[in-house]
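Okay, got some structures for you below.
In what follows, subunit A forms one complex with subunit B and a second complex with subunit C.
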Partner chain A sequence: MDSFLLEALVNGILLGGVFALPALGLNLVFGVVDVVWLCYAELVMVGMYAVWFLYTQAGWPLWVAFAACLPVVSVLGLLLHLLVVRPLLAAPPINQVLATGGVLFLLQGAMTLIFRTDFRSLGVDMPPMEVGEIFVSGTKLAAFCAALVGAALLWAFLKFTYVGTAIRAIARDREVMPLMGVDPQRIYLIASAVGGALAGLAACLLVVQLDVHPFVGLSFGPITFMICVMGGLGNMLGGFLAAFIMGIIVSVGGFWGTTEFSYVVAFGFFIVTIFARPRGLFAR
Partner chain B sequence: MRYVIPLLLALACIPLLSPPDYFLHLGVTVLLTAVAGTGWAMMGRYGLVSFGHGAFLGIGAYTMALLWNMAGLTPWVGIPIAVILAALAGVLLGYPCFRLKVVGHYFALVTLAAGEIVRILIVALRDHTGGSLGMTPDRVPPDQGLLAMQFDKSGFWWLALLAWAIGLLAWWLLDRSMASKALAAISEDEEAAASIGIRVTREKLRVTLISTALAALAGTLMAQYRMYLNPESLAGLGISLQIVFGAIAGGMYAPLGPTVGAIITIGLEEVLRIAFGTEFTGGAPLIYGILLVLFMIYLPRGIVGIVERKRRSAAAPLGLPVGAK
Partner chain C sequence: MTAFGTTRRGLLGAGAALTIPASVARAQGPARGGDPLRVGVMTDLSGPFAGAGSQPLFWGAEVAIELFNERGGVDGRPVQAVTADSQSKADVAINEMERLLGQERLEVVTGIYSSAHAVPLSGRFEQSRKMMWITSAIATAVLKDKNFRYVFRPTVHSDQYGEGSISAIADNAQAKLGLAPDKVKLGVIYEDGPYGTGVASAIEANAKSRNMPIVLKEAYSSTAPDLSTLVTKLRRERPDIVLQVGYNPDITLFLRQAKSGGLRFKMLIGHGAGWSQIDRLTETFGQDVNFMCNVDPAATQMLDWSKLQPGVGDLAKTFMDRFQAKHKLSDPPTHASMGFNNTWIFLEHVLRPAVRKTGGMTADALREAALQVDVPTGGTIQGYGVKFVPPGNPMAGQNERSIAVVMQFENGKSKVVWPTSLGQPIVMPLPAGNAYAAR
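Then we have the complex of A and B:
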């Protein structure tokens, strides 16, 4: 195979790893709370600002800034749930989505007020690595590995802890679980916090690859939603796999055409997929 | 709707009083935003929530502007072509969605993807559309302005008013028709509606056609009024959500709701801009966002919704709770 194509393919897989985290977070929240966080990419954006601020302005070591970003966004997820989602739990789904859409504007506006619209760069880069015939960006590889570790930790949490089991149970049947002594409100809170933490982790991985500005969420937000829908809303494994499919389409598409056309192809693929499998590629 | 015709006549007389240009500018902006919001609400109130209506503003505006710049086709002809094309695009997207029962969250996210595709296509076709930098329709000397639909603010005031009236007329006609009842039934329970003989796909497609045509009409006139088009303000998620917000804030179940919403959103933007100038960029979306959340929690039927409920409950105190849905 052409080594450039191979490189595009590898980059696509690496990109998929980065898409996978927010997709997992969104699916977790949707699966458990049954609400789409339309502002999810904006939570990631706030996390990116947190890392940027702590590292370049407050002078914290990078890994401390990364470690601080997770709880910050996690708390943001909790607040989002308590202040916006909880009062709307009984409302029609569309009202819930629109309210979180309001939070999208709110966060964009707040960050514009605080940090202006300038593009902020972390200025951290790792040298590219040569693997066989192809070059792989060190930052992207590191981000990919971190994403896989994050996904594995999430899986272990859901699989082996008591709370994780309760989360999976609530996602499976929200009528019966309260009868079994699981307090859904508490589970919603935990899922929102974990969903927020995943956005925080995604922020750490993205901030080394992208410049931060208040509208950066719009550049990866839509594709994240499409990945979730393609994998089946609430289906974590489906979303995880769909992230790689989308990553490869975007990357390989960019190899043949411009970046924009690769996104057009990816979004078009998404629409066709939904027509073919309206409940997602991996619907049971 | 009795109050609409006198209101229209009164509004049509306003340019004769030679008000300040700024007032006319705000008026045109509000009216055109209201047309887009009215179009959106015609789908939105039946549960067909689109997060991609910006796409239709964009398809309309760019079709018109490209026909003018590249083929010299006057907007008077270009706008109908653009509106038809955008409505066809709406049907092209809608048909498989409705046929294959893509509803709820899935529908919202498919339309979101469609909106993004249009935005990215506009950027990608930068050789013709100017990409993110935007494009300007070619100007003509003032004496040919009428033919090229390039005239002063009062001219656009009347055009915008006409578009607004078309929007309200479409709403009124739909409201009076059986289609409205059918759509209400579909939004309650699609399968039950189908079981009593309602053609679900056809009804949904018809309302999509009207809704996207209105959005495209608003988009073309906005572009022609500003004489500037760019992908961010005419396609994509940002503008789509703003349309939704306007319609929701005003109230999407009442014909004048989206108009009230447009007054609120444009008014808010202007007040914040004048009060804080450029120091406070970001303030407008911040306050928008907070209001949108508060509206969804406390007033999901919008401002007009409360007024109507008060009036109806005064008229029929023993009636069923109006609008309990």
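Then we have the complex of A and C:
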């Protein structure tokens, strides 16, 4: 295989790893609470600012800043649920979408007020790995590994803990589980906190790759939603796999054609998927 | 939160700042008599464009209006700016234009950072017979073959960017690279809006006229989350020189991924917008951006003020003192000079004579005055003169005396390296110690 094509393929897989975490978090929340957090990418953006601030302004070690980012965004997820989503749980879905969309603009505006519109950078870089003629970004590889670990931990939590089992049960049948003694409000809170923590982890991975600014969510937010729908909204494994498919399409499509063409292919694939399998590529 | 130079109150105040100078001027300066002269100022104070030059563009205009009012305005009538934030979105820009022309009943709107906004806005201004005074958006397509009568652009246009970068390479290829110009391989990557495509087309046309091979020419979205495949393709094609046209998130993303992706070259030349924000680039990449180049109109601090027309050097100094007192930037970006200079040209050479001649400031009076402007080279703080191409010509409304230069970065400062007659010798190829230098 052409070494440059192989490099594009590897880049696609690494890119998929970056998309996978926010897709997991978004799907977890939707699967359990049945509400789309339209502002999910903006939660990630707030997390990126948290890391940037703690590391470059407060002088904390980077790993401590990363560790602090997760609870910060997790609490943000909790607040989002308590203040915005819970009062609207019985409202029509469009109201819920508009409300979380409003939070999107609120967070963008708040970060603009606090941090201005400047592009902020951690200034952290890892040396690339050179394997034969292939270059692999050390930063992207580390982010990819962290994404896999995060996904594995989430899987273990959902599979092997009582709360995780309750979350999966609620995701499967929201009506019946309360009759069996599961408190849905508590599960919603936990799912929102875990969804927020996943956004925090995604923030840690993205902040070393992208500059932080109030509108950075535009770079990965739309494609994350597309991935979730393609994998099946609420289907965590589906979203996880769809992230890699999308990463590879974007990367290899860009190699064979142009960068713009790759997104045409990706969106074309998405449309065909939705027509062929309206509930998502991996819907059971 | 003052650590980043911003307080909530301060930022809220910034949006209203340009509406204040009139009242401030009444209190402080000699501009005392008569109704204020209301002028629109539309820039992107939020969204990605704000950090890619639109914010300093606004700040520059802010200083120009404050200074103009302090100096008496137009026979005592102060200028009152009516501001609009187009939020880096074309639809918002159109809505704001409707507000400025409809509700505010303005006769002229200055500013306009992005060509993606200038293209749709220009036709609407022309239809409305109101003046559009573009201080930043550079796409040639905004004016080319449109024969607009109410749209004026004192700054450079995108064809000049292509001419600047390709000429700088061709002029130095043999001496610096040991290559005949037609042997220098070029890679052109650009954001896919009117700005990027306009400059890339100009680069291609200029390269073709000199038989310089372009081994890759590719567009991308400025909000793309990943450019590593583009890096891979550039590495495959091995260009000697990479020419990029981009805003800011895409430029930093590309540089970061180019470094980790093993892309090396002999020179990288940017073309304005994000590449003009040398403070930010240096903050992010440190010495790695040393000796890379950028094409743009010259920021005033790059020029020898003593060689400008009488009095212009003093104006440049006043501007720099005020700007740096307000905004602590080691090397204010070109957009700051553009904001001040092109607004000042309007106030001094268009608004003042129009008001004096007609007693008012209708778009038609302003247009007549604009067509009479005749400022010689060296007559503005960016070094160029002003003479607008009259209607009936392919580039009607364009300042035919505008000049783009090629500048080179060194330790967070920029110096002019082209035209050769104005600048210092270019450092090319990138020195061996540079992280991107071809080995």
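Just so we're on the same page, the second predicted complex is superposed on the first by the 279 of 284 C-alpha atoms of A that agree within 3 Å, B and C clash if a C-alpha of one lies under 4 Å from a C-alpha of the other, contacts with A are read in each partner's own complex, and residues count from 1 in each chain.
The criterion applied here is as follows: a residue touches a chain if its C-beta (ideal position, glycine included) is under 8 Å from a C-beta of that chain, and two chains touch if they have at least 3 such contacts.
All values derive from a computational prediction rather than experimental measurement.
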Side-by-side fit of subunit B and subunit C on subunit A, or clash: clash
Subunit B versus subunit C as contact partner of A:Phe119, first or second or both or neither: second
Partner chain(s) touched by A:Pro87 [first = subunit B, second = subunit C, both, neither]: first
Which superposed partner A:Ala99 touches (first subunit B, second subunit C, both, neither): first
First (subunit B), second (subunit C), both or neither touched by A:Met111: first
Touching partner for A:Glu260 - first (subunit B), second (subunit C), both, neither: both
Which of subunit B and subunit C A:Phe275 touches, first, second, both or neither: first
Touched partner set for A:Val229, first subunit B, second subunit C, both or neither: first
First (subunit B), second (subunit C), both or neither touched by A:Asp211: second
Contacts of A:Leu76 with subunit B and subunit C, given as first, second, both or neither: neither
Residue range of subunit B overlapping subunit C upon superposition on chain A, of 77-85, 95-103, 275-283 or 311-319: 275-283
Contact residues common to both interfaces of subunit A (with subunit B and with subunit C): 108-109, 112-114, 116-117, 214-215, 218, 258, 260, 263
Residues on subunit C engaged by subunit A in the complex (per definition of touch): 1, 3-6, 8, 11-12, 45-48, 50-51, 55, 88, 192, 218-221, 223-230, 232-233, 235-236, 248-249, 252-253, 256-257, 259-262, 280, 283-284, 286
In the complex with subunit B, residue positions of subunit A that touch it: 36, 83-84, 87-88, 91-99, 101-114, 116-117, 214-215, 218, 221-222, 225-226, 228-229, 233, 258, 260-261, 263-264, 267-268, 270-271, 274-275, 278-279
Subunit A to subunit C touching residues, read off their complex: 4, 7-8, 11, 15, 18, 57, 108-109, 112-119, 121, 123, 125-128, 130, 135, 137-140, 209-211, 213-216, 218-220, 223, 250-252, 254-255, 258-260, 262-263
Contact footprint of subunit A on subunit B as seen in their complex: 47, 49, 51, 93, 96-97, 100-102, 104-106, 108-110, 112-114, 116-117, 120-121, 123-124, 236-238, 241, 244-245, 248, 280-293, 295-297, 300, 325
